[in-house]
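Each of the two complexes below includes chain A, the first together with chain B, the second together with chain C.
Take a look at the complex of A and B:
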């Protein structure tokens, strides 16, 4: 029970990060490998502001704002000039940005992991006989669920969301129908980075922040996005939660715990073999 | 107010050494139904791509209602009042019919609603969404598509997809509507219905319409004036009946 709920909350974190990958992929048709490092920057922001002010709320708000600004700046400076370049050029740029951010973090904060205790302080509750649950797990779950519902409604029911769908279907046609594609891409990066800020807050509960803080959850969330079907928003949620559950279940069984990461990525390979477009990915129909 | 809705002055574009369009001078009056015809590869769609901003012209310029739009971006040109359909239908296939039209309404000033208002679902968001939905329904009604509004665009029959493209373009509230082979692939009765719809749109919205078409019955049936392009150059221009009987034009189409 606890394992499952912990798995769900870890999955929710992966899902939040995976959403950032999948939205950017769906709309800008690029893989933003610097996304994981935005999480790292968000975590350092929380750490720094929290140690200065001692106020977790301010720390978190600053972190969201910083992540959003960072996302927009990365898009404007690094990716926008390459909009017509080959996908490989964009990919390698993204990896470059990722290295740059990690290097800067090392320069400023050093390589030592620094832990922040915000949500952990909330303690734990006993929900039933012998089942003790951290409140932070519940907070993570509830907040992530709310965020995902709001995001889904935003995409489905609003003008901007509709424009995002239109851009992801046919950029040229959307532009000729009066949609400002650059603005939509910017909004996408902003939303993705804001989700990353939430993820960094939740992930900080689990491990202390270091320059490579975002690397592993980033790559796992990317795997989750691919498992769910990259470009699909519900897919990212499903993939993330699935991966989180698998990870926690594996970790709870002593015999297979050391192989957890291998099992996770094995799952990725297995799903891609059975369904190459991911669980909820769109079928690509070939026309003759 | 300018005399012409669309005026192109010495408009031309070359791709490397290939002069795809040269010295094109179109003068389209307000509320006119104007045809652009010519054999395959004559440069008709290229002209559309220039005046919607997809390509930048290498020579000359073009004016919409007296305002020069050369060098502007696609979405800006669309806001200024030029909307188009595509030769190969380019609907948002995995979105419902009504949402396709609502994307077209995206930039109408009366539906301005910033992402923040939407994100936090303030009252303004709901009122503006509701108005948009109503407006979209109204447009769909004109094209007899209201019943199908919740179907996915890709599930519509071909003729209706063509109509939906026109509806989506109209939703952007243009002054000038560009139709790229609207009757392509239609059967005679669908073509007849389309002709009626085009005329209706012109009369109902005081629309200026420029269309590319190969179906000469449609062109002679609804266009008041035509320009014939051949190898990127203007071959003939004038009243439809005169031009289509011009021996030069017949030669370009059928050979000697």
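Take a look at the complex of A and C:
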């Protein structure tokens, strides 16, 4: 029970990160490898501001703003000039940006992990006899659920959201209909980065922040996005939660615990073999 | 007469890289026999050799096949662990270290190639971003598994026997030449042209009768083989194989070599691999501790600028100014070509090619797209 709930909360974190990947992929048709490192930057922002001011709310707001600005800057400087270039070039640039952020973080903060205790302070409750649950887990779950619902409503109901859907469907047609494609791509990066800031807050419960803080959840969330079907928003949620559950279940069984990473990535390869577009993905045909 | 002259000119240019490495080999050999070459220099040469093999083999996948592989360090890891293990086994009963080396690079390479086959089969169904992720996942799986196998020393890593003679660098340089001859002849053969055709336009290549699946798998296996060979050399040079050394970052470092040298240029990969490896060793002492991250930042900036410079339209003017070959005319021709391609031919090639089963969905989408026109 506790394992499942922990798995769900981890899955929710993965889902939040995966949403960032999948939205950018759906709209800009590129893999934003630097997304994991935006999470790392967010976590460092929380750490720095929290240790200066001691106020978790201010720290979190600063972190969101910083992540959003960073996401937009990365898009403008590194990805926008390559809009017409081959996907391989964009992918390699994204890897470069990711390494750049990690290197800068190492340069500024050093390699030593720094722990931030914000949500962990909330303690734990006993819901039934013998079942003790951290409040931070519940907070993660509830907040993630709210974020996902808001995001879904935003995309379905607002004008901007529908413009995003239109751009992901057909960029050229959307432009002809008067949608400012560049602006929509920028907004997508901004939303993805804001979600990354939330994910960094929740992930700080689990591990202390270090320059490679975002690398592993980044890769895993990407795997989750691919498992769920990249480009599909419900797919990212399903994939993230599935991966989080698998990870926690594997970790709770002693025999296979060391092989958890292998199992997760094995699942990814298996899904790619059986259904390359993911659980909820659509088939895309290649054009000549 | 004129024809034969062109042919002979062409030949010297084509074989420049082996000749150059041959010259390096002879010079270092002479220096070594005089006693000018220190221990550090010799190990630098070995490291440069396996870096060149890695960069050239990754270039086969990235530059010639046009697919991104992020698991090259994973293949190297397989080669290093298994090759290293067989070095330990064989040196028990075979006296000649050269023979041990040859056998173990073959075994390490073949096992690595087998892994290439295993990962290549799902890779056949994927392309572009998905393939990059699948190979990245593979690299992580390999590390995770080797970390937990007690047989290979678990987290301690595998102790391997260092090549006992001083002249190891000569053997590795000869290996480099052999690898280069193999790769270059492969690329210039019919098969190599098929591979570059797949890179340039997969569907066109398919319609010309090229077996896309076969060639993708083929290149993948060859690249994995050479990565395995590089792994065995690594094991015999360093003496200890640890899974941490083959992380994702190492794959990226090899990718930097390929991109910096120029995708699809073997000579470029050789130069870039040499420079980066040499700088790594040179800066190892200078940039230890907190300054080690400077290296990471510099690599990242080089990578981003190399790509932006070569691909972004904004840099085209600058590129033409700097170009020695007068690319201005050429790029204009290319633009015209692109214009020509953009003309709607009314033939929906993709639908014709991917039209397999006429179920309801397909028929609907086909008629819909017809109406759109």
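Note that in this section the second predicted complex is superposed on the first by the 283 of 288 C-alpha atoms of A that agree within 3 Å, B and C clash if a C-alpha of one lies under 4 Å from a C-alpha of the other, contacts with A are read in each partner's own complex, and residues count from 1 in each chain.
Here is the rule we use: a residue touches a chain if its C-beta (ideal position, glycine included) is under 8 Å from a C-beta of that chain, and two chains touch if they have at least 3 such contacts.
None of the values given here were measured: they were computed from a predicted structure.
Look at A:258: by the touch rule set out above, it reaches chain C but stays clear of chain B. Shared-chain residue A:163: touches chain B; no touch with chain C. In the superposed pair of complexes, A:31 makes contact with chain C only, with no contact to chain B.
By the touch criterion defined above, A:266 reaches chain C but does not reach chain B.
Applying the stated contact rule after C-alpha superposition, one finds that A:176 touches chain B and leaves chain C untouched.
Contact with chain C, but none with chain B, is seen for A:78 once the two complexes are overlaid on the shared chain. Residue contacts after overlaying the shared chain place A:187 against chain B, while chain C stays out of touching range.
Residues of chain A that lie in the contact sets of both chain B and chain C are absent, per the superposition on chain A. Per the touch definition, chain A reaches chain C in the complex via residues 25, 30-31, 78, 81-82, 84-89, 91-93, 95-100, 102-104, 106-107, 110-111, 211, 215, 219, 222-223, 226, 230, 258-259, 261-262, 265-266, 268-269, 272-273, 276, 285-288. Residues of chain A that touch chain B in their complex: 150, 153-154, 157-163, 165-166, 169-170, 172-181, 187, 282. Listed in rising order, the residues of chain C touching chain A in the complex are 62, 66, 68, 70, 119, 122, 125-126, 128-130, 132-134, 136-138, 140-141, 144-145, 147-148, 201-204, 248-249, 252, 255, 259, 263, 290, 292-297, 299-301, 303-304, 307-308, 310-315, 349-351, 354. Here chain B touches chain A in the complex through residues 52, 54, 73-75, 78-79, 83-84, 86, 90-95, 99, 102-104, 106-107, 111, 113, 115, 118-119, 121, 125, 128-129, 132, 168-169, 171-172, going by the rule given at the top.
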